[in-house]
Amino acid sequence: SDKASGGDEKPEKITLDYAYYSPTSLVLKKFGWAEKELKKDGVEVKWVQSLGSNKALEFLNSSSVDFGSTAGAAAFIAKSKGAPIESVYIYSQPEWTALVTKDKKIKSVKDLKGKKIAATIGTDPYIFLLRALKEEGLSSKDVKIVNLQHQDGANALLSGEVDAWAGLDPHMAKVELESDGKFLYRNPDFNTYGTLNVRSEFAKDHPEYVKKVIALYEKARQWTLEHPDEAAKLLSEEAGLSLEVAKKELERNNFEQPVPGDEQREAISSAGEVLKAEKVISPDTDIDKVVNELINPSFAEKAVK
Amino acid sequence: MASKTELWQSRASEKKKELLRPLLKERLQGSWLGLIIPMILLISWEIASVRGVFEAHLLPAPTVVLAKISEMAADGSLWSHIWITLYRVFIGFVIGTASAVVIGSFVGYWKLAENLLDSLVQAFRSIPSLAWVPLFILWMGIGEPSKIVLIAVGVFFPVYLNIVAGIQGVDRKLIEVGKIYQFSSLQIVRRIILPSALPSFITGIRSGLGVGWMFVVAAELMGASEGLGYLLVEGQNTYAPDVVIASILLFALLGKGSDSVLKLVETKALHYQDTLANQG
Amino acid sequence: MASKTELWQSRASEKKKELLRPLLKERLQGSWLGLIIPMILLISWEIASVRGVFEAHLLPAPTVVLAKISEMAADGSLWSHIWITLYRVFIGFVIGTASAVVIGSFVGYWKLAENLLDSLVQAFRSIPSLAWVPLFILWMGIGEPSKIVLIAVGVFFPVYLNIVAGIQGVDRKLIEVGKIYQFSSLQIVRRIILPSALPSFITGIRSGLGVGWMFVVAAELMGASEGLGYLLVEGQNTYAPDVVIASILLFALLGKGSDSVLKLVETKALHYQDTLANQG
Amino acid sequence: MLAVQQLKRVFKGGSAGFRNLHFTVQESEIIGILGTSGCGKSTLLRVLAGLDQNFTGKLKNKDKDGKQPGMMFQEPRLMPWLTVKENIGFGVKDGAGKEVEIQQFIDLVGLTGFENHYPKDLSGGMAQRTAIARALITDPSVLLLDEPFSALDAFTKMQLQDLLLSLWEKRKTTMVLVTHDIDEALYLCDRIFVLKGQPGEQYAELILDDIKKPRQRGSHELAERKSNILNLLDLSRQEAN
Amino acid sequence: MLAVQQLKRVFKGGSAGFRNLHFTVQESEIIGILGTSGCGKSTLLRVLAGLDQNFTGKLKNKDKDGKQPGMMFQEPRLMPWLTVKENIGFGVKDGAGKEVEIQQFIDLVGLTGFENHYPKDLSGGMAQRTAIARALITDPSVLLLDEPFSALDAFTKMQLQDLLLSLWEKRKTTMVLVTHDIDEALYLCDRIFVLKGQPGEQYAELILDDIKKPRQRGSHELAERKSNILNLLDLSRQEAN
């Protein structure tokens, strides 16, 4: 079975995920540091690719992975529905989403009223869209949100099917570079961070190893900070992106703040409010409680020097 | 060894009366029997959920799912999801079946059409529904047409395959009867081949309808804001297992319901077959 | 009106020689003909791309796609994608077909099994592949088993449906021959019913294989890092239309290839049928 | 009307079928064809009907309007999804009087009351009678009959033979009749061909048009011819073996 | 061996099938059944064979080992996916000598050379002979034959009738033979039942066991009985109408 093993103190095997939206995970996987480090303890390392936050969460839920990379808001929604996970580390503060349009007449979020906007329900771009609308005093009822997968949304925007698109990198970078799509609205603070989540059970059974994994991620983060060009090249190779797209994507990632804390709590709570208003999470959710249970900085605080 | 008297089989005529309407009785009984296993499954699932074998955030109890469904029924959203999906499946089914009948008849009957078209169809047949999504958006946008056509594509292939097989398996002897009456090719197809291929055709449309239902999710990835497929994807994206399971249940129920209609048609249409089931 | 001499039809014996191996000739010719329409499609697509009718970032030209494929072939990744997917489809196909044969034979032959099981199967039949994904991950994790079983599920339903229909459509007259020889039920199934249902069964496995290919994408959503379905989804996620189209082409080619194998089996296995195609 | 020269159709490298057939059928003649089982009689009718084009030799089978012969096959070949009535009317063009005509033929072949039965609920003889009605109702100018009465009891058979004759009186249909019943051939035919061997060849021709129709069943005249035919058949068998 | 009392099986509200049958068949007797087309002969054989359980009345059809009768159906009912050889061996248990025995029967029914043909490539009479061989080879203690020689020419028919008799000499099989050929019934049977009407009822019984077998075809004795039977059949028809 592929269930990652529990056990007493030392796990037999640790299953990590890697994802194109988490550049540090690619670095870590590429250099094989985890394998090297954990082999000393006789712990096996297995890598599984996550194609998106929802997949990472499915894997976490089914104990198929021990660590999974997701958007903060995605982890929050899952946690609010009872998923036993904790966000223990911030792999980056990405500005991976923004509102994109091709229509020259649409100049601000206000102009979106009554327009068709493509977004994938439940994902960070969707939350971003809702928050941008809310800021202007609009709600999802004032526009027509069309549920499309990210890449389909990009296509729909380019072929004029929709007026705007809540984009996601790397699709967004590609649209920006290769066609006449332009940013309508961007706001890094409305992105909910990229969080590394661990299964609560694993954290309880093997706290030492959570720290070890965080330390490994730290090593990858340092390397990425020191070698931005090589990191871009690595990302472009691994994810099959062109170098410019990869560079663009990396530029929009801030790797400075690895320890989860109040900033994240705040960002996720604000996202939570919007989600509550839109009934994505149940109206009786205690947002603060969920956020506090989700964000667990204790491991990172110890692991990050 | 059997004694002499035992060798006699005897049936009094009263027994015959019992046999008069066995079909009706059997059918009623049949539909009840069909509920046994689903019920057992549901009940053990409920018990397992209550006992905590399944974690609620992964697989909620049937009662929770039913509560979700009745909640949606109460606020009316359930009906609009069901209605729009039924509508799409129905229209897609009709379009897919109709084109499969036309193209399948050509391919089944005219060798040239088979040589020209069959390979192409067989190649297209294994392209997954998700792969069509971006292309369909490109070609037809994100309105109803693309959704309906995608469902029609799903329906098309099994129907096509079964109709071609049905036609190519038609007994030469019967076709010759038509030739004797100097039927035109069209008449032969319409009056001999299609009726002969009917059993295979009906299996095809039943199979096709199933694939049609499966294609709903991909179809409703193309900019839907309502529908069972939308509900499923939304549930998955918002980590709402109750919604996911509810939509799966609805797929199962509607799929079974629509199939029952076709099965009824099958029984009616094939009553002439000399099979064990049709024995008088 | 035709003159008297014209009423005579005459065929010299030399003509007969030409007719000796028409099947082989026809088959060769047939496979060439099958390339005409795909070629026309490809060429017009290329021309349209070169002329800029399709934007390259939406629908790249065939040459671009081919370049991508040969690039992948050169670095070897193509073969591992194809190989792993072929492996999954093959094993899934075998498992799905085998279970459909066993369960389908029971349901087709024993009324009780039909009453108990058929409704359930029909209900499950319309559940989309994407809906199974989270459940399968939950039950079986993300290793090979879940992927293979999901493909098997896709294969199962069309095969099941066709085998049940085939069995229930078996001529009562032939079954009676078995009864005269006091065959056991198992013997009747094995020696009369299954061979009789063979044409329908073969259609079923061809249909099932197609659905199997379609399920690959969903299967490879379950934590794959290789495979055609993975390639497709990755292409979509990294916004690489050339990869997407390349994987679609590969699906089409492999699907057609695997179907040709089954079609060959069909022609061999059904040579006894008294159909137009089998005329001597 | 119907003529063949050097007609040959063989299967499997020449070991089955027929060959070397030469004959001409006059208008409104009734020709009988006798021969051992497997000697190619049904194959011949299929070629004459235009169903089998893989023959060699010369064949004339179209009437002056360019129409092909009608045919009744050796097996009933009823459409299983049609009732008796619909099967009989299968080749009849829609039009006024179709229903009436169908009912007439149903009555003539003694299927009254079974109009709405499906083939699976018919006895062997009833299916054959349905096929006879279906072949007769379209009134072709040439009719090929392949053992049309083989599944019928003696009296029904006689009755239908008389039906055939009475229709012939009215329509003067040219007929080719394959049969194993020598009495039947003698009662109905103007000429009888005997085939021999496998593949079958023309062995003998018997001309009966000196005996007026309707003939007397079991008459001395016919009995004489019968022993004649039996001798021929026997000889043909011996020569073939 | 085989006995029925008050046996009845009707279809469609009593308008077809048979009723009121009473008879007992002695061991190694050959019983002939005559009757108009559609009077229920095949239905009777199906009931006797145990294939149709929806009868009323009493039926004894198992032999002392509890075995059901063997049967040859009115249609050949060959498995289309099996060759002639495989069809003939269809009911034969695997074992040494199976192949040899099959080949013997192929030769006996005159199908030598066609062992590997599929049913679609057989003539009507050849298919029927395959079915005969398939029924005879399993050597049941009771054998039901439904118009076994209807598609055969006069000589092949006689040859196979003789084959049947010679097998009977060896095995003393009890047989029930449905036929439309009165000469055949007279040549083979110890007793003949005549059915009349629709649904069919027992009309007459003719006892022939005073004539020793092998009988002389066309002998005076048989000719006498034949006119007797023809009369009976004619009467039965008139009464039924």
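Letters A, B, C, D and E mark the chains in the order given here, with residues in each chain numbered from 1 onward.
The criterion applied here is as follows: a contact is a pair of C-beta atoms (placed from the backbone, for glycine too) under 8 Å apart; a residue touches a chain by one contact, two chains touch by 3 or more.
A quick note: this is a predicted structure, and the numbers were derived from the prediction, not measured.
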item: Those chains which touch subunit E and also touch subunit D; value: B, C
item: A-B or B-E - the one linked by more C-beta pairs in contact; value: A-B
item: Interchain centroid distance [CA atoms averaged], subunit A/subunit E, Å; value: 82
item: Where subunit A and subunit C are represented by their mean Cα positions, the distance between them in whole Å; value: 39
item: Euclidean distance of C-alpha centroids - subunit B vs subunit D, Å; value: 47
item: Junction residues of subunit B, two or more chains touched; value: 58, 134, 138, 173, 233, 236, 241, 273-274, 278, 280
item: In subunit E, residues with contacts to at least two other chains; value: 11-12, 75, 121
item: Residues of subunit A touching at least two other chains; value: 61-62, 149, 151, 155, 159
item: Pairs of chains in contact (touch as defined earlier), listed by label; value: A-B, A-C, B-C, B-D, B-E, C-D, C-E, D-E
item: Partner subunit D, residues of subunit C touching it in the complex; value: 1-2, 7-13, 15-16, 19, 280
item: Contact set on subunit E toward subunit C in their complex; value: 46, 49-51, 67-71, 73, 75, 77, 79-82, 90-91, 118-121, 138
item: Touch list for subunit A against partner subunit B, complex; value: 54, 57, 61-62, 74, 77-78, 81-84, 118, 120-123, 144-149, 151-152, 155-156, 159, 161-162, 280-281
item: Subunit A partner contacts - residues on subunit B that touch it in the complex; value: 55-58, 133-134, 137-138, 141-142, 221-225, 230, 233-234, 236-241
item: Contact set on subunit B toward subunit D in their complex; value: 173-174, 176-177, 179-182, 191-192, 195-196, 198, 271-274, 278, 280
